[in-house]
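I have a structure I would like to understand better, so I am pasting it below and will then ask my questions one at a time.
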Amino acid sequence: MEKVLNKIIENNINLTKEGKVADYIPALKKANPNNIGICIVDLEGNTYKSGDCNVKFTIQSISKVITLMLAVMDNGESYVFERVGYEGTDEPFNTLYKLDLPHIRKPANPMINAGAIMTTSLVKGGHGERFNRILELVRKVSNNPNISYNEEVYLSEKATGDKNRALANIMKARGMLEGDVEEILDDYFKQCSIEVDAVDLANIGSFLAQGCKGLESYGNVTREKLTSILLGIMTTCGMYNFSSEYIVEVGIPSKSGVGGGIMGAVPSKLGIGVYSPALDENGNSKAGYGMMKDLAKELNLKLF
Amino acid sequence: MEKVLNKIIENNINLTKEGKVADYIPALKKANPNNIGICIVDLEGNTYKSGDCNVKFTIQSISKVITLMLAVMDNGESYVFERVGYEGTDEPFNTLYKLDLPHIRKPANPMINAGAIMTTSLVKGGHGERFNRILELVRKVSNNPNISYNEEVYLSEKATGDKNRALANIMKARGMLEGDVEEILDDYFKQCSIEVDAVDLANIGSFLAQGCKGLESYGNVTREKLTSILLGIMTTCGMYNFSSEYIVEVGIPSKSGVGGGIMGAVPSKLGIGVYSPALDENGNSKAGYGMMKDLAKELNLKLF
Amino acid sequence: MEKVLNKIIENNINLTKEGKVADYIPALKKANPNNIGICIVDLEGNTYKSGDCNVKFTIQSISKVITLMLAVMDNGESYVFERVGYEGTDEPFNTLYKLDLPHIRKPANPMINAGAIMTTSLVKGGHGERFNRILELVRKVSNNPNISYNEEVYLSEKATGDKNRALANIMKARGMLEGDVEEILDDYFKQCSIEVDAVDLANIGSFLAQGCKGLESYGNVTREKLTSILLGIMTTCGMYNFSSEYIVEVGIPSKSGVGGGIMGAVPSKLGIGVYSPALDENGNSKAGYGMMKDLAKELNLKLF
Amino acid sequence: MEKVLNKIIENNINLTKEGKVADYIPALKKANPNNIGICIVDLEGNTYKSGDCNVKFTIQSISKVITLMLAVMDNGESYVFERVGYEGTDEPFNTLYKLDLPHIRKPANPMINAGAIMTTSLVKGGHGERFNRILELVRKVSNNPNISYNEEVYLSEKATGDKNRALANIMKARGMLEGDVEEILDDYFKQCSIEVDAVDLANIGSFLAQGCKGLESYGNVTREKLTSILLGIMTTCGMYNFSSEYIVEVGIPSKSGVGGGIMGAVPSKLGIGVYSPALDENGNSKAGYGMMKDLAKELNLKLF
């Protein structure tokens, strides 16, 4: 297996030179564009690694899967999806305009920013505690109790999050979002700043791949339903408006983040974490996408 | 197997009373709302049936899968997807407004009406021949050389297709669509009026499930890629803006039509055709959706 | 007065070289870009001319004022404005997208194409007769019984009117527009092809300036109200999304057409017709706009 | 004159019972719905009053005229209108969605909230000083040095201004708005909370009606141009998407505020201030609109 992974890294290392590290906040710009790593964790917990698997980066949008998970366990499926849509969208990750149209009553799905801010707000516990519970769940499903967040990235996100602030405020003005806008955003910015490495992502993927096995309690949802929700939404919305093309090309339910990570879950088989901070024009890791395509083919992991 | 199917029909027969037969054209209103049928065809060609499997109905939007197939074989993947998007959408099947926005250069995907009219226009052969080739391919992949179209439904669609006419004309005005608008629409209305039964749909599903095996030629695409495209797009766009919730609930790549049919393809396993003309508010067969959910659970067919 | 007009032509003749004759239909391209003319008709009927005042051109969108007039006389103010909005818009003349949004029930105003197609449909008489009555009214208010339409331009508009066809069909699909779409468009394309010269436009302006005096009957509206409606809507919508800047710069209720004409009405003072077929990027006559600005200043005609 | 005004109040007093006092912030709810007043100031400074002309209320959106005035004097016409549009709109006062569309580069006009927040940001002086200069100009043009703002209303607006916060943040995120969002909003909320009475409004109207005569300096614009800009934009945008119907019905350049005031300016004739806090569904003073209609007719003030 390690041989396969090494070869895949070799095949894609050139892509690290073509992409561009995210620069919308100063803290993200510090990432080393040459870093590249893959990790696979199978259902027995065997871990296969190649490349820079111990380099830490911020989880960014991959956290949205965990927040959705917690929001559903806290409130049940129907409560959550009355407040956030169940629909893939052809709009970009930070789309806002529909939230101003009278017939629209909720953000399209929990993977775009508006929907993710909504699911963060639905996590129980109030300001601060909300974030603590999200962090705790990330630690649990990645099997890594040492995970924490990057203060510098968090403060940067907070200082420059004008669009997210616009999203939260319009949802508040429309009566969609409950609670204090700045407090919700604070927890949201913190959750995006959680630091992980490729191994952590592979462990999260493996957790999902085995049907979310291993939690003491699933709250207001069954384990089976929770798995269908998370993998279903990763499939149709996980790569934003690129999701449809991605599922054709890669065929693995996945979620990416602008930190440079992609987390994949092959049902009943294994979890994947890839990392490379140079991004393509869609905001996905350029080499990461290349590695996912190769992995899917080499290991025969495509859904269809 | 037939026992399972019988039971599933029994469990869902009440739903036929809750839905409403499509009435936007007089010809569709004539369907018998009490009809209900399931058919399964496995990869060996074994056929399992229950209920009204020989009742004919119009294929409607399910034809979009075949047209996309032909357009891609005729022109190659990249040519087609430069003209129609690869993106699921949270807008309804007949959405138009984005086609008038300056930054939008193509319809979101080939399953919404705008995108389907586009793919019909991309099928080679010109007016009439375009339709003949679509019909021929439907016959081939359903293994039924007797399939034809319903003249009355076709004429009805043509007489009342104002929204489709608006869609084609705006794409023409924006320079997206090439060719004569009324000729393209004529072929499109005819393709929607092709008559099938549940067995035909199950055979189409089975063809897709076995990776599109059996054609003499695949034109400008490989068989593997064609399969990924069709099942991928059915997964993210096949039930319109309900696709994401559907993939969570049913977990089978599918395509529905307002004629009352749903066609499903379980990769490497089997094809499914269900029929019941009473529709829910999304325009999907009400009992059909119920039967798909039960089938997925009973036969363990969910992707995740 | 003629001296003033001569000087204004002199001052603006260079602008005829900067603009571009409309080329979206072949017939319009034949206009002579060097033509330039002004005509003023005061309330006593005195006519003052300078330049090419006898060159014929098609009235195009200026006809929308006459159609609105006839629709209101035929049906009354409230009937008409239940079907077309009373609202200026920041969208271009051929905007469509809002007509697809659920909360929108009518086109914004009778000066954009969608709204003008609607008012044409509201003119009584049915196909053909509708156009005849519009033409008759143009003849009456311009005091020129010889006005007719240009067959070549009409056929060109009809052959290339994809966007107008999209507008009419979506209004039909949404239940806004009643009647046969192609018949309504036929009358609409004909009305745009009516041929006038600068003198005719000045006479129309003069008719409006004196409060629409002189008709035998005003149907379902008072003469005073009709005048307020026409001048009010010319003020807020007559130059499309340029109306607001135009009213600041020129300060005269006006309506332009892509044929190169602008018609202006200074309440209780006089009517203006200017002509020059080279257009600016907004589709307004380039030298025409320049002449209107100069006229307003030289003759002290600004509303404010 | 006073007799006419008394009669107009009498005719419209019943409308005070049909409207509804603004309740989106608690402080506004305290207004007495029975209050009704008219004041007229002619160009010689003669003041005619009837009804509750000394009741104070917050100026709200009427302040947008003064802010636009100051922004243009500070920066010149072209600088301002490169940052805010010159276009009437069929969208409501707090419309946001277009600011998220890629082809839109600025808010439609300075009378909708987005545009007004923009013009506030363009007033020179920075946080606090910006507001002081706006207040100073209100005092000058209303000829009332005692005008101040209502602290309670200001704090209420600030606490509940979610939509305005969304507007400012999206303009910031799109690179339209420069400066600190919360500081700009702070000045904006304060400017809306300036307290005036009907006499003050009539004085402002009179100032505009006489071509903005009386300032020591007009900065980067001429007095004539400034007048055209303010009256032109009041005409096409002053009553939001109701502006076009209003100019037909009333025919006087005007600006309304949700505090219940309407300020009107009849060029070269007189200024008008009306007050009645009960609003119609468009957010305009119900009796205020009635009184403006009657005034225009009785005193023959309509533009056309």
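Labels for the chains are A, B, C and D, by order of writing; each one numbers its residues from 1.
Note that contacts are C-beta pairs under 8 Å (C-beta built on N, C-alpha and C of every residue); 3 or more make two chains touch, one makes a residue touch a chain.
Because the structure is a prediction, the values reported are computed rather than measured.
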Given over half shared residue numbers means same and under half means different, the chain C/chain D interface is same
When centres are defined as mean Cα positions, the distance from chain B to chain D in whole Å is 55
Taking each chain's mean CA coordinate, chain A and chain B are separated, in whole Å, by 32
Per the C-alpha means, the centres of chain B and chain C lie apart by a whole-Å value of 47
Expected list for chain C, residues touching two or more other chains, is 98, 101
Contact graph of the chains (line, ring, star, complete, other): complete
Chain C partner, complex, touching residues on chain D are 81, 85-91, 98, 108-109, 227-229, 231-233, 235-237, 241-245, 247-249, 251, 253, 267, 302-304
The residues of chain C that touch chain A in their complex are 101-103
Note: in the complex, chain D contacts chain A through residues 95-101, 162-163, 165-167, 169-170, 172-173, 181
